[in-house]
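Read through the structures below before going on.
First chain A sits with chain B, and in the next complex the same chain sits with chain C.
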Partner chain A sequence: MVENILQARSAFPEFSLSRYHQLTIAVREHITMVSLAAWDGQSEKVQSVIQSIYGHSLPQRPVRVGGMEVSFLWFGPDRWMAVGERDGGRDLEENLKRHLHGLAAVVDHSDGRAVLRLSGARARDVLAKGLPLDLHPRVFKANDVAITHASHIGVLLWQVDDAPTYDIAVPRSYAHSFSDWLLDAAEVFSAI
Partner chain B sequence: MRITCPYCGNRSLDEFLYHGDAEPQRPDATADNAMDAFVSYAFERTNPPGQHHELWYHEAGCHAWLVVTRHVSTHAISSVDIARDLAKARTPNTAGRA
Partner chain C sequence: MGNSSYRSKTGGLIDRSQTIHFWFDGVRYPAHPGDTLASALLANGVRLAGRSFKYHRPRGILAAGSEEPNALVELRTGARREPNTKATVVEVFDGLEAFSQNRWPSLKFDVMSINSLLAPIFTAGFYYKTFMWPAALWEKLYEPAIRRAAGLGRASDDPDPDRYEKLTAFCDVLVIGGGPAGLMAAVTAARSGARVILADENFNLGGRAIDDASVIDDQPAAQWVCAIEAELDQHSDVRVMRRTSVFGTFDGGTYGALERVSDHLPSPPSGIPRQRMWRIVAKQTVLASGATERPIVFGNNDRTGVMLAGAVRTYINRYGVLPGRRAVVFVNNDYAASTARDLVRAGAAVVAIVDSRPGSTDAVRAVARDVGCPLLDGAVVIDALGSQRLKGAVVRNAAGSTETLSCDLIAMSGGWNPNIQLTTHLGGKPQWSEQLSTFTSGVLPPGMSVAGAASGEFSLKGAIVGGAKVGQVALTQCGYQPVDCAIPSAISESAAMSPLWRVDGGRGKAFVDQQNDVTTLDIELAEREGFRAVEHLKRYTTLGMATDQGRTSNVNALAIMAELTQKSIPQTGMTMARPPYTPVAIGAFAGHHRDKHFKPTRLPPSYAWAKSHGAVFVETGLWLRPSYFPRPGERDWLESVTREVKTVRNSVGICDVSTLGKIDVQGPDAAAFLDKIYMNAMASLAIGRCRYGCMLREDGILLDDGTVARLGQHHYFVTTTTANAGKVFQHLEFCRQWIWPHFDVQIISATEQWAQYAVAGPHSRALLRKIVDQPFDISDQEFPYMQVGEMTVCGGVQARLFRLSFSGERAYEISVPARYGEAFMAALLEAGEEFDACPYGTEALGVMRIEKGHISGAEINGTTTPTDVGLGAMMSRKKDFIGNVLGQRAGLLDPDRPTLVGFQPVDRGQRLRAGAHFLARGVKEIAENDDGYMTSVAYSPTLGHWIGLGLLKRGPQRIGEIVRAFDPLRGYDTLVEVVSPVFIDAKGERVRG
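Here is the complex of A and B:
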């Protein structure tokens, strides 16, 4: 069955969703992620190109800028992760490669990362079991970004809104292991 | 022990890797005494008590190389600098190449 070989498959095992009190865990599929790493001395040029094309100033500290379709996460000094959602992901890598030719390394991570969304009043309590970070709203707010680890797995985390909602990207090959930890941590808030 | 990364903020030690003394400077390989200088550079450490400048790598975070000034007896950290900035200040001719 040749037509089945290239079907997109979720990085996560199937698990039942929406069975928690004040907590929603959802798999986010079809998110485009493209990293930008400015060559030495080219960071300001990269920033001005992104400003002129997308109208966003690339952040110099761990925050996220942008809109619903294309946003940019701080991803280290002189490095950013462009995130495309809905139609924003279409041709994102090609466009960035074309406009940043000679200025930055542009690498597609879309198939290498798996993204989960945690939302609700209990989301912070679940993450607190594994993330070595203070997520209290006076320290970590909407649009803040962190690169850290959870359950020994490297994560890129950003807060979407004050619900709070968090998006968490993990290496795809660790998706199963990460969701095992997460569902275990969330079990205490189970509605069943 | 916690290290305040200049980029990421205060983070747990398990996000960082220790990469040795930040003091030794790579010797001139073309000098007459290059062999002695490299032996000293690679192996000889005085390791006194007190303040040390140490290279740390923020491996599970932003991947920045840091120079941490730490008292090795008390673990008190007095400053954390970005290693790239210090290196470029020493050799300004390599800044902004490419």
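Here is the complex of A and C:
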């Protein structure tokens, strides 16, 4: 038997943090994501289970509820994405599976999605170069969620705060192409 | 000519404190910042700007804006060389190089101007008629000759060195055009708090108020414009986009706009794009795009020095340049007569005002009196004199007698055409206004309103009032409260006019479309030959089909056609404009997505490991997969692939199969759902077991194949082929949502979550035993063929093990969370060292599946049924499934259908080719005798010769027969023996170990 724990590899091996004028792009390495899809007629039970365990009421429109430890993003009708900090284990997935057994399909996406965090006054300007969504503060606010595309790649995006800070999850295999576009789009802000 | 002899002492928005230099046809000239190439050429007395498209006639500068048909130049050199750029919109920078086009050997002496003498053969539709016969000469002689003679500029052959960006912007109110109407609309909306985008194609705002040096609110227009600009800058939700052409109207309030970020600079600064393509999404749009002046059609009206009157005023007022010293002002309207005032004020002599209207008007008489020049009413210019330089105008007066006026400038105006192109992009037909004698917008695109000259309101006061009003409506529509604000004062000039579509009696050619060299004779010819409908007229004569889309020619042309056919202009109709309003570089449409970035690239989990181990990659869809792993000393791919296949067949190899689609199917009805999807039973699959499955399209044709693993009572995990991963997911989602919405089942893509590796070969279990953590039993007893189980590997890493085989050997697929994929590949190879394990790529994968007769994309090709590929017996007869009913159609059950069999060359040394068609021996090579074709071939290292799979008519009944594999495309004709498609281990014993 090979006696080593496997080394995890970042989906973004080329960089972990890029700073620009009024913009920071950081890789969120320690994130865990688990999707919940309620079985027919079980949505209310799923909601009450989440309420009792995490104290959050699952949203019915594209917003995020929760806090730093774990939050729930609307991910479609009767579907949510639980997002949390990963402490090396699979606690979130296992907890959800245990509590939602027979109520919902619970699937781990912690490795399937690669997440970047954009923060700063220039974040909207950079995203405008590939994301066809209106992120104006009166239109898209903190905790709003969007399932859309950027630079021809499907993304899940949510606004964290009014800095503004956005988290963007892309399918892992696209991470290289996505960051390639994003860093290129941001390049101009290093010159200013 | 080095001195700026035509530059006025004062005036204009140019920066006279700085002198810069540019090159035109190799000569260096001075200019000032704020000049366009056209204004700088005129300032230096350069009139001749290029040669015309067809007749190579000397041409100068007609206009001062983006409607310019003549002064098209080639800009810059090398990779940045750009043809057909309008000198009237090119901003001069220090060192700019420009070249005239369409002349040889020089602009002043052009050999091809002989085309002018050949005019009779270059008339409308000439290339449909003149070069019809002999047809054989078309490609060799006529087309190259025409292209060389008639082409305009030359594009660069080098890759575009610049970067382009593509962005999306949103606003409440988009204002197109920054003239007085647009500025008023924008500032009115901005004051209410609306999000406003103001786009103007020029580098400074103000429109005709600047061109005409108007007075607004008792101050010079330039000053008023500055104040409005400063106010707009104060609003954080207002974006003013200069050098930005809105070129198209699209659905949903979406507009295309091109921002020329760096075209006014020698080269874009680092990181800055040359141009930005904007997709602007607006709730409301104010079109304040102004109007384009109509030329008057008379003899030799294309001579250099014949210029639109509005352009003359622009050069004088905006650029401080005098386009001529002795001018004839030729008008059919009041507005343009004021040109005489500007000319005189700038120091030119006005020889006469020629007004085509008998009696003229008080307004024009006042101008003539003020400037002290004769007014010839009821008179027309019938001919311009001079060749490369205008020498005079032949005027026919009201009494019918002619006289020649010596001049070097004819400032002409036939009235104005509102720039309503953007209103027609969604199908709104322009409407003829009898009152204005021009086309105005018809049905407007949703959310659009029109203001200023674009709406047919030609007076300054009207533009200001109209702009404010339309801006107010727009902001109210967006839910904002209007803020009361004063309307600036301005004069209300008379725009009275009387149409003058063409002047007859001239000796020279009278041009209607100057860019495409279309004359009145061409329109007459089109009429005589029956091409009278405007759309026919356009295509027959090429009128309006040049880069300017006929902005100075369309209305004149159809009015002339109306006269010829004795119809009204509305009866004659108007052609519709299409995007783009002004030309857009292809690079701007691509933005970041060019070359390798055209599409995203997907990297499998072991990509970095494979790259560092010398893999040669192949693009499979978006994925970049290892094709094979060459080792030092191997001469070619075949040697590497042969080694990889032999390693798997004799020991163990590892292949990244993460690219296969992986779909988690969960829910109480998961089993019932999959029974409908797959043609074979899935509900009966035991928990912990896998099964090969095929799904059909509704029409009975194979859609995809893959494996289905049952992880729990209500939990399946299915795989698809790499190529069909997206399509199958879509299919499942469609079936779930629309066909059987009552099924309680959820479908979740898990493709990206898992790094999945095939571990194949006789030693695969021994290798895995070293990887799989101790408590998990993977003995053949506990983990037989087609078993699936969840376990841990490498000391606690979550994993799933499937005992599946594509190679025909004992094999497993093992998956770990994708973040461990790279390390796991290394761990597997390390564990495999004692077995001489090797990684293998898609080539070896393909060879082994052909050796085993397994079907792949070449066989599941959208035309084959399960029976065609030998899987007919797999179709369930006990349940219904998608494709079951239509799969029973007679044509699909025809026993003559080509069916999967194997092939080997009779001469074992020969190579086989996929795509070769099968012919029975001794028949003619014609389509009727076609018996099918070879779908896949490979060199089989196991057998030592080439083998193939193919679809042969009644194939299974013809095993043992020799047929021809005929490949006329590549010139191969090989005798092949029909054999079983399973070349090795026909009994399938190896997979069980």
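We adopt the following convention: the second predicted complex is superposed on the first by the 174 of 192 C-alpha atoms of A that agree within 3 Å, B and C clash if a C-alpha of one lies under 4 Å from a C-alpha of the other, contacts with A are read in each partner's own complex, and residues count from 1 in each chain.
Basically, contacts are C-beta pairs under 8 Å (C-beta built on N, C-alpha and C of every residue); 3 or more make two chains touch, one makes a residue touch a chain.
Everything numeric here is computed off the predicted structure, so don't read it as measured data.
In the superposition on chain A, contact of A:132 is made with both chain B and chain C. After overlaying the two complexes on the shared chain, residue contacts for A:37 are found with chain C alone; chain B is out of touch.
Looking at the shared chain after the overlay, A:162 reaches neither chain B nor chain C. In the superposed pair of complexes, A:173 makes contact with chain C only, with no contact to chain B.
When the two complexes are overlaid on their common chain A, residue A:14 makes contact with neither chain B nor chain C.
By the touch criterion defined above, A:76 lies against chain B but remains apart from chain C after alignment on the C-alpha atoms of chain A.
In the superposed model, more residues of chain A are touched by C than by the other of chain B and chain C.
Using the contact criterion defined above for the overlaid structures, shared-chain residue A:148 touches chain B, although it does not reach chain C.
Judged by the touch definition given at the top, the superposed model places A:109 against chain C, while chain B stays out of reach. Comparing the two interfaces of chain A, the one with chain B and the one with chain C have residues 39-41, 132-133 in common. Looking at the complex, you find that chain B touches chain A at residues 7-9, 11-12, 14-15, 60-64, 82, 84, 95-98. Remark: chain A residues 1-11, 13, 35, 37, 39-41, 90, 104-105, 107-113, 128-134, 136, 139, 151-153, 171-178, 180-181, 184-185, 187-188, 190-191 touch chain C in the complex. If you check the complex, the residues on chain A that touch chain B are 39-42, 61-62, 75-77, 132-133, 146-149, 154. By the touch rule above, chain C contacts chain A in their complex via residues 165-170, 195, 237, 269-273, 279, 281, 591-593, 597, 599-605, 608, 623, 664, 666-668, 744, 746, 748-754, 770-771, 773-774, 794-798, 816-824, 827, 830-831.
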